[in-house]
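Both complexes below contain chain A, partnered by chain B and then by chain C.
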Partner chain A sequence: MTFAIFLEQVINGIIIGSMYALIGSGIALIYGTMRVLNLAHGEFYMLGGYFIFFLAVTYGVPSWLAIPVAVFATFILGVLIQRLTIHYLLEKEGWLFSTIAVTLGLSIFLQNAALLMFGEQFQSVPYYIDGMVEIGSIRLPLQRLLIFVVAVITIAAMTFILKKTRLGWAIRATSQDRDAAAVVGIPAHRIYLITFGIAGALGAIAAAMLAPIYAINPWSGLPILLKGFVVVILGGLGSFPGAIVGGLFLGVVEAIGVQLTSSEWRDVIAFALMIAVIWWRPWGLFGKKPS
Partner chain B sequence: MPDTAMLQVRDLNVLYGDYQVLWDVSMEVGQGEVVAVLGPNGSGKSTVLKAIMGLAPVKSGAVMFEGKDLTKVPTHEMVGLGISMVLERRRLFSQMTVRENVLLGAYHRSVNKETKSRLEWVENMFPILAERRDQVAGRMSGGEQQMVAIARSLMSKPRLLLMDEPYLGLAPRIVKQIADMIKRVNQEGITVIFNEQNVQLSFGLSDRGYLLEGGRVVLSGTGDEMIHSDVIRRVYLGA
Partner chain C sequence: MFQPLKSWQWLLIATAIVVMALVPLVTRNSYLLHVFILTMIFGIFASAWNLVTGFAGLKTFGHHAFFGIGAYASALISINAGLSPWLTVWIAALVATVFGLFIGLPILRINSMPHVAIVTLGFAEIVRIVISNLQSITRGELGLWGIPAFEGFNLPWIGEVNFTPADKLPYYYLILVLLIASVAVIALIMRSRTGLAMIAMRDAEEAAESLGVNLTRQKLLVFGVSAFLVGVAGAFYAHYISILTPTAAVGIDLMILVIAMALVGGLSTLSGPLVGALILTGAVELMRDLDDYRLLVYGAMVILIVMFLPKGLVTLAPMLTRRFASHSSS
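After this line comes the complex of A and B, so read on.
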């Protein structure tokens, strides 16, 4: 492998990894604030993809408008799903297991609902921008560059929200101590709703950016969910910055691994990495060892 | 006993699942008082404070605060009524800084606009908060964390402050500092209810106390009355 190819793979890895990061950070936000493992997270990605497809392809809405609308629709969907399912379970005993069972059920339900409504054919969305950039010996499609730019903007915006806004402080406080947050006047239930919505929106952003590259179908959320889990395990479950670093790391390791072997090995590499991390550092590569 | 009670707990029963922790607990707290809730481990004294704040499952009974039944108010609205709490073992937002913790004390809309003046007030009262403002709360000592926790609870301009085991796990020297803080809080006109296992320690601070045993109030009165009571000896020494 020449250095140019190596570098190109690293760049591709970072680009795909930035999307893994968005998926993983959604799972991490939900787990961090409500300790719920959202097994229906891939369906946010899948439905977000369909929203984009219908808006941009079927109805011909320009992509600069279609993407924000689809992201907002997925936000609302996330809020509704939380309010109609998780909300009730968190009040009851055994929520740790019941939320896993319910999100798994939701995942199956949404996949089959999508199959009934949208059919089993694979859909795709045309590139948002055509053309290539050449930097030295590296050629990069503008579409891929756009993915990365959107990821950077999204992560920067999320960091800003979490660090600088009233909502972000409330989310962080709730995730660190729910009772203490309630005592200072933070309504945990409202924070949970918004967090679920935000996580859905992050999934939809990833879906929008990957729709021109990977086909949309009723099952397209599942592999993404699994990648999201690898990311949060790498980054330490429940950590937003951990998920970002974990996503980028996974993307790069996959890309280089695929270059060294072949593309069938992509998932093998990802899960081998996950198993290794669970074995050696169960609190995550970037998480803190529990004392 | 106060003439007009600020807080009245009436026949409070609390159950965790099938396990009853409080049995018909009643108490009254007057404006400006410092009241101790006493009892050995597992007597339910923590649960009394949690139940007032809406953090324990109340099965029956009422908690009247200035004519309003608190059992129907969600925890996150308590600060709006003028009630704040220092939770057991401080419970700071451990990954956030001292300043962030203190500022979050004024999160509620009822005081949010006054954040700046409240911050000046508590930092003036406890200068260590300004000195340590950028330190991550979880890395402070127990005593320092307790001060931050008290400061956070004062940000919401409470008229009633509940303190769940404020001395727990602290060295004797620090206990004295915290006791002084509580006195200053009370001098500001804030009513304080706290719980503590050590009876001697409590009556350096409180006007009156209630003694719990097995989830029931078995004795109440002023410090002198209680310290010399046979009931105290029985509950604590089993004699």
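After this line comes the complex of A and C, so read on.
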């Protein structure tokens, strides 16, 4: 592997990794705020992708409008799922397992509902921008650069919301101590709804950016979900910054690993990395060891 | 449920076994026997999953890995080494156990339900992809065929027993024996000190720990036993169906089906997974014409059961009888 190829793989890895980071941070937000592991997270990505496809391709809505509309629709979907299922289960005993089980059921249900409604053919969305940039010996399609720019903007916006707004303070307070947050008047249930919605929206943004590269089909959520899980294990479950770093790290490791082996081993590399981390640093590569 | 069995319960168990043993006398319809054989394969799978998830409290979502490992190991060893399936089934189950211990060890150390769920799911995905990528050995999604059947033998009084696709009867009795043995093993574990301690641990971890209960080693053992049983079920499946694909033998659909069975029947009960296996395998066959809706219905079923009947159908019966009894007495 020459240095130029190595560098190109690192750049590609960071670009795809920035999308893994969006998926992982959605899972981390939900887990961080309400200790729910959302197995239906891949379906936010899958349905978000379909929303974009129908708006942008079927109805010809310009992409600058189609993407926000699809992201908002997925936000609403997230809110609905939380309100109709998780909301009731959190009140009952055994919620730790019942919430995982119900999201598994939701995942299967939504996948197959999509299969029945949209069919099994692979759909894709045209590139949002054409053209290439050349930096030294490396040629990079503008589309890929756009992915990275959108990821950076999204992460910056999320960081701003979490650190600087009342909503963000409420989310972080609830995740630190739900009861104490309730004492100072933070409505935990509303925070849960919004968090689920935001996580869905993050999934839809990733779907919008990846739709031109990866095809959309009813099963496209599962591999993305599993990648998101690897990311949160790497970054420490429930940590938003951990998920960002974990996503970028996973992207780079995968890209270099694929270069050394072949693309069909991509997922094995990711999961093996995860199991290695579980063996050596179960609190995550970038998390703190619990005392 | 962990009190000594009352005589009527023994009678119920005996009746169930006798009924199952007599089914082939009533019907030799090979399609019907096939449905029962599948039910029993899934019965072992669901019971073994319930052993770790319902009883030991380790919520794994990757047990289909052990089914696939059992199936492929037994098939590949019997094809390539020319060993008898009667032997390879046990070798394959041991291979599944080794993998079970390998993945069981780290998840027991972390002791966090979401981590366990994620790691087991990821592990199963590795197994599926590796099997489907190693095409030179497993033929990948093209399917591994030419898996030898169990050899026939002679039984006194009955005569020659032959395992052929045309005659499901020997398979039926073989899997029935395996099912009874598996459930017996699970029941024995749960009635031992280990089993009782595990229930205590699951229901009140901190209280049990304060009484000096530490079960890491026993839980690992239970995880190994569970992987072994699922491996046996997978190996039997391989020699029964005689063609394997990664999707059919290690697909996540399989795990979802088993989870649905255990949930529908009732998690943390001995009979729940068996009842669930019977209901759902039967339902699959009834819905054969509606194949496209099958997984949609499973998904909906899991959601509804978790939301409205979290302890499953088997807990419905005692609940109803109690309500009925209290009504008639008042």
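The rule is simple: the second predicted complex is superposed on the first by the 291 of 291 C-alpha atoms of A that agree within 3 Å, B and C clash if a C-alpha of one lies under 4 Å from a C-alpha of the other, contacts with A are read in each partner's own complex, and residues count from 1 in each chain.
Assume a contact is a pair of C-beta atoms (placed from the backbone, for glycine too) under 8 Å apart; a residue touches a chain by one contact, two chains touch by 3 or more.
Please read these numbers as outputs of a predicted model, since none were measured by experiment.
Using the contact criterion defined above for the overlaid structures, shared-chain residue A:130 touches neither chain B nor chain C, since it reaches no partner.
By the document's definition of touching, neither partner reaches A:91: not chain B, not chain C. After overlaying the two complexes on the shared chain, residue contacts for A:176 are found with chain B alone; chain C is out of touch.
Of the two partner chains, chain C is the only one that A:229 touches; chain B does not reach it. The wider contact with chain A, measured as residues touched, comes from C rather than the other of chain B and chain C. Once the two complexes are laid over each other on the shared chain, residue contacts for A:185 go to chain B alone; chain C is not touched.
No residue of chain A is contacted both by chain B in one complex and by chain C in the other. Partner chain A is touched in their complex by these residues of chain B: 17, 53-55, 74-80, 84-85, 87, 91-96, 100, 103-105, 107-110, 152-153, 155-156. Listing the residues of chain A that touch chain B in their complex gives 93, 166, 169-170, 172-173, 176-177, 179-188. Within the complex, the chain C residues that touch chain A are 59, 61, 103, 106-107, 109-110, 112-115, 117-119, 121-123, 125-126, 129-130, 133, 252, 256, 259, 263, 292-293, 295-296, 298-303, 306-307, 310.
In the complex of the two chains, the chain A residues touching chain C come out as 31, 35, 37, 39, 85, 88-89, 92, 94, 96-98, 100-102, 104-113, 115-116, 222, 226, 229-230, 232-233, 237, 264-265, 267-268, 271-272, 274-275, 278-279, 282.
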